[in-house]
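I have a structure I would like to understand better, so I am pasting it below and will then ask my questions one at a time.
The letters A, B, C, D and E name the chains in turn, as written, and every chain counts its residues from 1.
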C-alpha cells in the first residue's frame, strides 16, 4: 500500500511557489528522510502530509484515498498522523499533561494514560520532568517532550521535523534508537527532516532530496552556490575561496550546483600537477555509510566524497592525508 | 459670544422637553444679546446646581422648595412665570371608574380602593411632590421608609412616603415624566402628569399614547413654574445683571405673550402667571 | 473631600444597616449583570473564535463592523429592543418590558461586540502552533478551540471582566428596559441615577461605592480562582 | 421594523440636510471622544506597560483593582469630578463645569482603566523574546517598549477602539459634566437622550444611526491605516 | 583583560539551582564554546552574560567592572553584547528592517545602514530575502537572519545559542567561516553553545563543559546514564544495551558518568578474550581534531575515543574495523 501519493502538489505563498511536486509516492511502513537546504520546503511538505496545511493545488492521496482538505473529515485522518514541529511548543501546563493530551483525546483509560506517559517520557529521558511546567523547559528538553507526546499516541505515521536539532548527544542517540525500534516493529511509518546527512544515512533506506520546493535526484549534501568565470573557451565554477571545476557554458554569474559525492574522483596524488581541474584537499573526516564510506575533504569547504567499500580499502586514505579531487561533468547538476 | 453675554441656567427637563425654551430663548437672545446656556436635569439636581453656584439662574416647578431656596439665601427672589396643570390619566377601560371625577383626591382614593395599577414618578420632582401631597390629603394610611445617610459629617434621614401596596398596585419608577407616561401606557395604568408633557406625548409624536385624561380641573392640580436668580452674595461670580434681565424679560409682556401663545397642535401648554391676560 | 467621606460613611451605613431594599437592589444588579455577561460570553467568545480563527474574504470588514458596534449607544439599543418587546411590538405578548429579562436582553446586545472584538484581539497573538499541535494530536475543531482558549485565557478573562464592568455600571438600558421600578427592576445604577436626579449626590456616590465594593469582591474571587487554576 | 426604517430615513434626512446644528454636535462629539481616547491612551498604555512588564509584589492586587475600576459607573465619575470642578470645589475657579473639557476629564477617568487593563492583557501573550531581542540589540527601555507595542498593536488598537466606542456612546458623563447645553456641550448622545426624553424616539434612533455611521467611518479609516502600516 | 569574571553565580528557579558557578573567567578576544547536555544551563548562562537575566545570587564582572543587574546602567553594557537566541524571533516586519534595527539604534547613517544590512545578509546567504516578512521564514532562514542581525551590530561580544542547529550544511559552513573570520580579525569575542562537538573542536581552543548547572572538567561528549549492577565484589556499569565497564563501588542504581575520550584504551584485538572489561565495537567515524583524531566507536552506542596523531598513525584503524575498547577507572568521572 502506498502511504502517501501526491500529484501536481503545489504550495504558493504570495506568488512564490515554495513546494512543487509533480509526483511523489511514499510507501507504508518505512522510514523516510527528507533532506534539503533551508527554505527547500521540507516543513511545508510535512505540514501538508500532516493535513495541517492545505496545498494551493494538486492532489494528495493517503492510503489510496484522496484527501479532501476543505472537508471536516480531516479530523479522522489527523488521528492517524502526528507531527512534531521543527520548533515544538508545549501547552502551558505540566509536562505529563502535555503527553497525556493525545491519549485523553483517544479515550484511553486513566490508568493506561499514566502508564504510557511514564513510558514515553522515560524513552526520551524526561521522566524526571513529568511535573515541570511545559513553558519553562530548555530547548532540547522541549523537543524531547514533544517527541514523547507524539509517540505516546502511537499513530500510524509519525512526522518529525528536525527532531534532534536541539537534542544533546546522548539523547540524540536515544531518539534515533526509538525511531529505529518503531521502524523495526513496523508499528508506524516515520518521515523526518534533517540536515544531518549521516543520521539520514544511518536510519533510512529512502531519502528524498528537496531543493527550491522540488524533488531532485541530486545529492543535497554537496549543494553549493558557485561563482562562474570564464578562461578562454572554458567556463569554470568556483565554490568558496579556491575549489574550482569546469562547467558547461552558462551566462549566469552565480549558479547553484549539486555535486554527486559518488562520482567525484579522488586520488592520493595529482595525475598532472598542472591540471587545474584537480583541487588539493585534506581528509578531515570519514563516516561509515550504508554501502561504503563517506570522506569529508576540506577543499576550502567540506566536500563529501563517497567511496565504495572496495575503493576505500584499496585507496587506504587516512585522516589528515592530502588528496586531490576533481569533479567530472557527469558529477555536476545545475539546479 | 463673549463671556458676559452667556447666562447659565439650570432647569427641569419638562421646560426643555416641552419645546417651550426653543421659542423663548432665541427671542430673548435677539432682544438682549444674551445667550442662555441651558442645563436640564431633574428638579432636585437643578436646584442643587443653584445651591452649588454652578449656574446663574434656575427655572423649576416646585414651589415649596423654591421658596425655601430663596429663604436660605441661595436665590434673590422668585419670579412667578407661568403654570400649567396636572391631570390624572388612565386607560379607556378605567377600572377605578374615575372618568369625569373633578376631585383629584377622590380619584386617587378610588384608584387605591380598586388597587388599580398606578405609576408614580417617585423621583422627588415637582410632580412627585405634588402627588405625595395629594395622597396625604386622601387620609389613607401612608407608609414611610427612611434611609440614613451622612451629610457634612452628620446623619441625615431621607424619607419616602407612599400609599400601602408598593409594588402591588403602586409602582414607583424614579424617572422623568415622559418615561412615566411610556411606562403607564405600556402597563395601561393610571398616572399623574403635567398637561404639557401629556399633550406632547399624546399628539406630538407618531407613536402616540393610549392614555386619556380622566381627572382634571381640581385647583390642587395647578403646577406653577418660577425663575430665581442665584444670589451673588453667596456666589460673587454669578452674572446677576443678566440673570435679572432674563427673569424680567420673562415676566415682561413679550415673554408672557410668547408663553401664552405657545401651542402644540392647537393646545396651549402653559398659562402665563405674571400677566395672565398676555397675548 | 468632605463630600467623598460623606459618601463613604453613607455607604458604610447602608451596608451595615443591611437595608433590605438595598439587598434586593444589589441582588438584582448582580443577577442581571452576571447573566448578561454569561450569555454574551457564550455567544461572543465562540463568535470571536469563528472570526479570528478562519481567514475569509471580508474578515476585515467584519472586524470593522464589530468595532463600530462597540459604539452602539445604550439609547439605541434600549429603543430598538423596546420596539420589539413593547405592548405593540412583535414580541409584545411575552410581556418582557420592564422586567429583569428585558435588561438582560439589552445588555447582551451591548456587550456581545465587546466580548467578540476582544476575543479576536486575544486570539491574534496566540501562536498558531498551539492550534496545529492540538489538531495533530487528534483534537477536533471544538477541542482545538478549547486548547487555544486555555492559552488565550488571560485575554478572554479580561474581555469578560471588561464586559461585566460595562454592564454592572450601565444605566441607559437598565433604565429604559427595566424601568427602575422600585422593588422590581431597580438596580444599583438606576438607583444611583435616581438619587442624582433628586439631588441626593451623597447617596448616589454612596451607592456607587457599594457597587464598586461588590465589583471588587467579584474580581477578587475571580483572581482567586484564576490563581488556583493556573497552578 | 417600521420604526427602524423611520429612524433610518430620519438619519438620512438629517445627514443630507447637513443641518448646521447637527454638524456642530457631531463635531463636538468627535472632538471630545477623540481627545479623551488620545489622552487616556497616552496615560493608560504606558501604565499598562509598567504594570504588565514588571513583576512586583502586589501586581495581582493592582490588576484586580484595575478590573474593579472597569465597573466605575458614570454617575460616580460625574459626581466626583463635579465636586472638584463645581464652583464650591477645589478647582471651581477654573470654570470647567459645563464645558467640553469637563466631559473630557470625566471620560478620561472612565476609560483609563479600560485601556490599561486591556493593554496588560494584550501584552500578556507577546513572546518575551521580542523584549529580550530588542534589549540585546541595544534598545533602551523606551525603545524596547515601542518594539513590544508594535508587536502587540492589534490588541492595543482593540483597546483604543473599545475605549473610543465607550466614550462616543457614553451619556452619563457628557450629561452631568457637559450639561447638554445647546450649542455648547450638546453631543450626539446627550442630544439622543434629549430626544428620547421628549418622546421623539424616531429622531433619537436616527441620531444613533448617524453616530454609528461616524463610528463606522472612523473605524474604516483606522482599518485603512492599519492595513497600510502592516504592509 | 578578562571579559567576564563570575563568582558564586547562581540561578535558582522554584528552588531548583539550574546554574551554579563558583568561579568563571573568560578572556577577551577569543572564541569559547559552551557544551553540555540539555538542561545543563547553557542558555541560562548566555542570558546572564547578555545581561538579560538577573542571577539569583553571586557577582558578575564585565571587563573588570561589576555588573549591577538592578540598575538602569545595563543599557550601556548591553550595547556591547549581542545575543542570538536558541530559537530566535524576528520582528514582524521585513528582514532588512530586522537587520537594520540595531544599526538604527546605534545612530548609523541611512547609507551605512543599508550597506551593512546588505553585507550581513549576504554573509548568511539571505540577501535575496531582504524584502520578505520576517514572520514567514523557514526555521533555518530565521536563524540565519538572526545571526546577520547580530553581527551587523559589530558588538564587542557575540553570544550565539546553538547558532547552526537548524541551518543547512552549506550555510553551516558559511556561518562557521564568519565566526572564524570574526575571531581572526579580533573584532569581537564569541561565546557559543553547541551540541556539535566537532564544530566546537574545529572552531575553538577553549571549551566549557556544563552539566547540571556546574562547570566540570569531564568531557561532555561521553556523558551517559549507566545502570549499575554487582557481580561478586565488583561493581559494573552498563550503558545502552551492552557496553560495560568496572565501577567504583556505589549504592545508586543509575549513575551519570563521563568517560574521558583521551583515556579510553582501544586495540585491534582483545588482549584476553575473557576479560569482560573489553567491549567489542566498530569504528564508524573518524574526525580530525585539533591535536589528534577522534574515533567514533559503535559499542551499542557511539563512544568517542581521541587518539593522538602518533597513536592514530601507529594503530592504523579503518572505518568498519572491529576494535576492543576498555574504560580504565582513571577515564571515569561520576557526576
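We adopt the following convention: a residue touches a chain if its C-beta (ideal position, glycine included) is under 8 Å from a C-beta of that chain, and two chains touch if they have at least 3 such contacts.
Here the structure is a predicted model, which means the values were calculated and not measured.
Peer 1: Looking at B-C and B-D, which pair shares more C-beta contacts?
Peer 2: Most contacts of the two pairs: B-C.
Peer 1: Farthest from chain A by Cα centre, which chain is it? Let me know.
Peer 2: Measuring from the centre of chain A, the most distant chain centre belongs to B.
Peer 1: Starting from the mean Cα coordinates of chain A and chain B, work out the distance between those two points in Å.
Peer 2: One centre to the other, that is 86 Å.
Peer 1: From the C-alpha centre of chain B to that of chain D, how far is it in Å?
Peer 2: Inter-chain centre distance comes to 35 Å.
Peer 1: Centroid from C-alpha atoms only, then distance chain A to chain D, rounded to Å. What do you get?
Peer 2: The separation of the two C-alpha centroids amounts to 54 Å.
Peer 1: Any idea how many Å lie between the Cα centroids of chain C and chain E?
Peer 2: 54
Peer 1: Which chain C residues reach two or more other chains?
Peer 2: 127, 151, 176, 193, 196, 201
Peer 1: So which bits of chain A are touching at least two other chains?
Peer 2: 87 - these are the residues of chain A that touch more than one other chain.
Peer 1: Which residue numbers or ranges of chain B touch two or more of the other chains?
Peer 2: As it turns out, chain B has residues touching two or more other chains at 41, 176, 179.
Peer 1: Of all possible chain pairs, which ones touch?
Peer 2: A-C, A-E, B-C, B-D, C-D, D-E
Peer 1: Tell me, which parts of chain D touch chain B in their complex?
Peer 2: 6, 86-88, 92, 97-98, 175, 179-184, 194, 196-202
Peer 1: Looking at the complex, which residues from chain A come into contact with chain E?
Peer 2: For this pair, the touching residues of chain A are 13, 36-40, 42-43, 86-87, 125, 136-141, 144, 161-162, 165-173, 195, 197-198, 220-221, 223-225, 282-288, 293, 301-302, 309, 312-313, 316, 318-320.
Peer 1: Considering only the defined contacts, which chain D positions touch chain C in the complex?
Peer 2: Touching chain C: residues 3-4, 60, 63-65, 67-76, 78-80, 82-83, 113-114, 117-118, 120-122, 124-127, 151-152, 154-155, 158-159, 161-162, 164-166, 168-169, 171-172, 176, 188-189, 192-193, 196, 201, 204-205, 208-209, 211-212, 215-216, 219-220, 222-223, 227 of chain D.
Peer 1: For chain E, which residues count as touching chain D in their complex?
Peer 2: The contact residues of chain E facing chain D are 47, 50, 52, 72, 75, 78-79, 81-83, 85, 87-89, 91-93, 101-102, 105-106, 149-150, 153.
Peer 1: In their complex, what parts of chain C are in touch with chain A?
Peer 2: Of all residues in chain C, those touching chain A are 127, 129-130, 132-141, 143, 147, 150-151.
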